[in-house]
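Structure provided below as C-alpha cells; questions to follow.
Per-chain numbering from 1; labels A, B, C, D and E assigned in written order.
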Amino acid sequence: MFDTALTAKDMVFLAQGAGVTLLVTAIAVVLGTALGIVFGIFRFQVGPWWAAPLTFVLDVSRSIPLLIQLVLANAFMGVVLKLKMSGFTVACGVLTLYTAAYCAEIVRGAVEAVPSTTRRAARSLGLSWTQDMTYIVLPLATRVALPSWIGLALGVMKDSALVYIVQVTELLKSTQILITRLQEPLLLLMICGAFYFVISFPIARFGGYLEKRWSND
Amino acid sequence: MIEIENVRKSFGPLQVLKGIDLTVQKGEVLTIIGGSGSGKSTLLTCINGLEPIDSGRIKVDGTEVHAKGTDLNKLRQKLGIVFQQWNAFPHLTVRENVMLAPRKVLGIGKDEAAAIAEKQLSHVGLGDKLDVYPSRLSGGQQQRMAIARALAMSPGYMLFDEVTSALDPQLVGEVLDTLRMLASEGMTMICVTHEMKFAREVSDRVAFFSKGVMAEIGVPGQIFDAPQNPETAAFVQMTQH
Amino acid sequence: MIEIENVRKSFGPLQVLKGIDLTVQKGEVLTIIGGSGSGKSTLLTCINGLEPIDSGRIKVDGTEVHAKGTDLNKLRQKLGIVFQQWNAFPHLTVRENVMLAPRKVLGIGKDEAAAIAEKQLSHVGLGDKLDVYPSRLSGGQQQRMAIARALAMSPGYMLFDEVTSALDPQLVGEVLDTLRMLASEGMTMICVTHEMKFAREVSDRVAFFSKGVMAEIGVPGQIFDAPQNPETAAFVQMTQH
Amino acid sequence: MFSYTFQWKQAFARLPEMLDGARVTVEIALLSMAIGIVLAVLLTGCRLSGNRVLMAVSTTWVELARNTPALFQIYMAHFGVASFGIHFSPFVSLLIGITFNNAGYLSENFRGALKAIPDTQTRSARSLGMTPIQAFGYVVMPQMLRISFLPMTNQMVWAILMTSLGVTVGMNFDLYGVTQDLNALTFRTFELFALAAVIFYVITKIIQIGARLIASRLFRY
Amino acid sequence: DKLDDIISSGTLRCAVVLDFPPMGFRDESNNPQGFDVDYCNDLAAALGVTAEIVETPFPERIPALMSGRVDVGVASTSDTLERAKTVGFSIPYFAFEMAVTANDKSGITSYDTMKGKVVGAVAGTYEAIALEEQVKAWGEGEFRPYQTQADVFLALSQGQLDGTVSTSTVAQANVKSGNYPGIAVMGKAPFDTDYVALFTNREEYGLINYLDLFVNQQVRTGRYDELYEKWVGGEVPSLLVPNSYR
C-alpha cells in the first residue's frame, strides 16, 4: 500500500497525541457542562437583566477566535498575573469556559422547550417547583438537549486541535511533528483526519438517531 | 363551593377578566361558553392559583386561593384540572403518569399508588393501556388519561378547559362520554367547551363569556333557546352550522 | 365530468384504495365522509395526479390523468384543491399568494393578475386583507384565501379536503358559507368533510368510505336517515354527539 | 496585583494595520459564505437526488466537513493537496478550507429546513399547476432561506473566527496574521491580542445586528 | 530571585524550538536533539540541576517565558532592540549567516533572482522580518510566513514557495537530510549577521549575569567549538561584533 518510514514508535507517539486530545476534551466537557447547566438554569430563572453580566461573558467567549482566547489567557495568566500555570491547565480552563458558554444556551433552550402547559399540568396536580423541575422538566429537557450537547462535545474535541498554541502536544501537533521528521504530509494527515472522523462520525450519527427517536414522542 | 367575587386580571395592558362574579355549588355542573380570547381559560387558571389575580377574591371551600398564607400545593389537590392538550408527561408510562402526584405530593407508597392508578384508569376505560407511553395513545385516550390523573388525587372539583378541542371528530365522543359519566356520579365540574350539544345536555347552568365579562348565565334552555343578551344570541347562532 | 374506474392504490404493503368507482357530473356537489385513514385524502390527491395510482383509470373531461403523455400541470389548472391546513404560502402577502400561479403558470401580466386576485379575494370576503401576510389571518380567513387562490386559475372543478377540520369552531361557519356560495353558483365540487350538517344540506350525493372501499353512496337523506350499510349507520351514529 | 506594565499605546499605534487585516478577514468570510451557500444548495440537492454517486459524494463531503477539525481542513487544503502537485496561495487555501466547512454545515441546515416545510406547501403549489422547479423556486426556497437564516448568521460568525486559522498556511494579512506579525516585532502579546479580540468581537456583533436588521426587512411575515 | 528558584527547584526549563535543525529537532524516537538542546543541558549541568526541554514554536517563545512555563529561552532568538523592551537578553551565544535556499524548478540562483518570486520564511523570525521588507521594497513577488521551519521547507519542496531565506546552518542541515527533494542552497543572503541570544525575564539581572558568564565560559572552554563541530561543522563563526564593545 504505502511505502512509508512510519514506525510503530511513531504510531505510539500519535496515539499519545490522541490521548491528550481526548483528555483535554473530556476535562473541558465535564467541567464545562456542569458550569453550563448552572449558568443556563440561572439565566432562565433570574431573567435577562440580572443575568446580563454573565450573558456578556459567555457571549464574548463565543465571539472571538479560540486561538486568541488561548493566547490571551496564556499571556494574561503568565505575563500579567505571573501565575505559573502549565499550558495544559490554561487549555483546559479556556476550553471549559468555551464549552460552558455553548452549554448554557443549550440548557436554557431545552428548559424553555418544555411546554408551559405540561409544567402547568404538573403544578396543578400539586407538585412543587422543585418536584416539577426534578420529575418533569429535567427528564424532558434532557431529551431536547442531548443531541445538541453531543454536537457540542464533538465540536470541543475538534476545536481542541488549537491548544497546540499553548504548547500542548495534542493529535494534530503530534502529526505536524512527525511530518517534520518523515516528510509524508498526506499519509500522516490522513491518519490524523481518520482518527477525528472515526471518533466523531459514529457519535454524531448516534446523536442524530436520538434526536429523531425522541422527537417522535 | 367555589365563590368568585369581582375578579379582575390583566396581562400587561390587556384586561382579560373585567370583574367576574360567580358561585358554583357542590355537585353542580357549570359550562362556560364564549368566543376565543374571552377569558375562559384565564378564569380556570386563576381558580386554582396558577395565575395571580389583580383584585377580587376566589374562595374554594372557604379557603381564599390568592391570600398570602394559602398552601397552594395543598389547595390544588382539591381542584383537578385538564387542559386542551399537552397534558401527558411523555417520558412516563400511562400508569406512572397517574401515580406521580399521589406518590410525590401525597406521599403514598408505590403499591398503593399503583392500585389507585389502575382503578382510575379502568374507570375511564384505559385499563388495558397501563404500561404504554402516552405517544402510543390517541388524542382521546390521552385526555381520558389526564382525567384519570386528576381523579387520582380525589379532588372535590374538576375543571375542564376545552378538553375536546384538539381532537379528531371521531374521538370527541369518547371523552364527552367520560365527562358525562363524571357528571352523573355527582362530581362538581366547571367545563369550558365548544360542544353546544354536550353543554345543553349535561349542564346545570351555562355561562356565556364575552371580552372578559360574564355576559349571561342561566339554565341551558335559556342560553340556547331564549338568550337574553344579543351577544349570546349571535354566538349561539354562529356555532349552529 | 370526473370518471373514476376501479382505482387501486397502495403505500408499500398498505392498500389504501381498493377499487373505487365513481362518476361526478358537471355541476354536481359530492361529499365524501368516512373514518380516519379510509383513503379519502388519497383519492383527492390521485384525482389531480399528485399521487400515482397502481391500477384503474381516472378521467377528467375525457383526459386520462395518469396516462403517459398527459400534461399534468395543464390538467391541474382545471382542478382547484384546498387542503386541511398549511395552505397559505407564508412568505407572500394575501394578494401575492393569489397572483403567483396566474403569473407564473398562465403567464398573465402583473396588473391583470392583481385584478384577478382582488376580484376573487373580494368574492370570498377578503377584499380588505389584500396586503397583509397570511400569519395575520385567522384560520378561517386563510382557508378562504386558499379557495380564492384556487379559483384564480378558473378551474372547472374544486376539491376540498376537510378544509374546516383544523379550525376553531367559531371559524368553521365562515368557510362553510363560502363553500355554500360556490355550490350555489354551480361549481362542480368534491368535498371531504366531517361536518355532517353541512354535508346533508349542500350535497347532491354523499359517499361513505370505509377502509379503502366506497361502502355506500346516495342522496343525503339516504345516507343520514336510512343508511343501507351497517358501517355507515354506525359512523353516522357516532358523529352525532 | 499587576507587576506587568501595560503599553497600550504601542498596540493602538498599530490599529490601522490591524483594521486593514480586519477588512481582509471580513472579505474572506463573506466570500466563503457566498460560495458556501451556492455549494450547500447543490450538495443538498445531490443528497436528496436519489442518484447513488451524487449522494455518496455529497454525503462524504458533508460528513468530512462536520467531523474533522477546521484547522485540519485548512492545513489539508494547503499542504495535503500539494502532495498531488496542486498549489494554492495561503489566501486561496484558507478560502477553500473555510468554504468546504461552510458548505458542509450549511447543507445540513438546509436539509433540516426543508424537512420543516410542510409537504402541503409543495402540494399546494403543484396543484396550482406549477412545475416542480417553480414550486421549489417560488414557494419552498424562500421559506427554506428564512428558516436557515439564523443558522446562516451563526455560520458567518464561525467563518470570521475560522480566518484566524489562516496563519498555519502562511496567511499574514488577515486580522490574526497581522496581529501575530506585530507580536513578533514587539513581543507585546497581551496588548496586541486583546485589541484583536475586541475587533473580532465588534465584527461579530455587527454581523449579528446587521443580520437582525436584514431579517426584519426581508421576512415581514 | 529566579536564579535561586532554579537551583532550589532542581530543574531548569528551557524553551527550545524543535523544528529548527540542527539547532533543535526530534530523532527517530521523537526525542529532542540538537545544538540548543545540548546547550541547555550544559547550562543545567553548570547550575547543578536537571534540564527539561519545553518545545516552543517560534511565535510562542515569549509567551512561554512570560507565563512562567519556562525559565530560560535557548531558542535561537535574535536580540533585537524592539524585543529587548520586553525581555532580557544575554550576550550572543550563536551567530547565523543567512542563506538562500530554492526549489530547483524556480529559476532562483542567488539572492537577487528572488525578486518577483514567491518567497517565505518562519513567521516572527529575524530573517522573515528582513525578507518581508525586501519584498515590499522590490514591489513585486509575494511573501508568505509559515508557523514553523518545517512548514517552510515542506512548502518549498512541494513547490508552493520558490525560495526562502533561513540561517545557513538550518538550510544546510535540511538540504543534507534528504527529506526535502528538489531543493538546494543558492548562496548567501546579504543580511546582517543574525546574533542570537539566551533570554529570560527582563528584571532578572542575577540570572542574566549568570547567562552572560556561561556563554563566555562555553567559548573559553572550547565547548562552543565542540558543539559547533558536532551539529554544524566547518568554520566556527565569531561571536564578536567587529569594531564594537561586548
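The rule is simple: contacts are C-beta pairs under 8 Å (C-beta built on N, C-alpha and C of every residue); 3 or more make two chains touch, one makes a residue touch a chain.
Going by UniProt, the chains are A = Amino acid ABC transporter; B, C = Glutamine ABC transporter ATP-binding protein; D = ABC transporter permease.
Everything numeric here is computed off the predicted structure, so don't read it as measured data.
Chemist: Where the contacts of subunit B and subunit D overlap, which chains show up?
Modeler: Expected: A, C.
Chemist: If you average the CA atoms of subunit C and of subunit E, how far apart do the two points sit, in angstrom?
Modeler: Computed value for the inter-centroid distance: 82 Å.
Chemist: Centroid of subunit A to centroid of subunit B, CA atoms only: how many Å?
Modeler: Chain centres of subunit A and subunit B, defined by C-alpha means, are spaced 46 Å apart.
Chemist: From the mean C-alpha coordinate of subunit D to that of subunit E, what's the distance rounded to whole Å?
Modeler: 37
Chemist: Which parts of subunit B, given as residue numbers and ranges, touch two or more other chains?
Modeler: Answer for subunit B, listing residues that touch two or more other chains: there are none.
Chemist: Spell out, as numbers or ranges, the residues of subunit E touching 2 or more other chains.
Modeler: Residue numbers touching two or more other chains: 63, 66, 151, 154.
Chemist: For subunit D, which residues are shared contacts with two or more other chains?
Modeler: Those would be 79, 82-83, 189.
Chemist: Kindly provide every pair of chains that touch.
Modeler: Result for touching pairs of chains: A-B, A-D, A-E, B-C, C-D, D-E.
Chemist: Please output the residues of subunit A touching subunit E within their complex, sorted ascending.
Modeler: 7, 9-10, 13, 71, 74-75, 77-79, 82-87, 90, 164-167, 169, 176-183, 185
Chemist: Contact residues on subunit B for subunit A in the complex?
Modeler: Residues in contact with subunit A: 45, 48, 50, 73-74, 76-77, 79-81, 83-91, 100-101, 104-105, 133-135, 146, 149-150, 153.
Chemist: What part of subunit B is in contact with subunit C in the complex they form?
Modeler: Spelled out, the residues of subunit B in touch with subunit C are 35-36, 165, 168-170, 172-173, 176, 194-195, 197-198, 235, 238-239, 241.
Chemist: Residues of subunit E touching subunit A in their complex?
Modeler: 18-19, 25-26, 28-30, 54-57, 60, 63-64, 66-69, 148, 150-151, 154, 157, 179-180
Chemist: Quick one: in the complex, what on subunit D touches subunit E?
Modeler: Contact set of subunit D toward subunit E: 78-79, 82-83, 85, 87, 89-90, 167-170, 172, 177, 180-181, 183-189.
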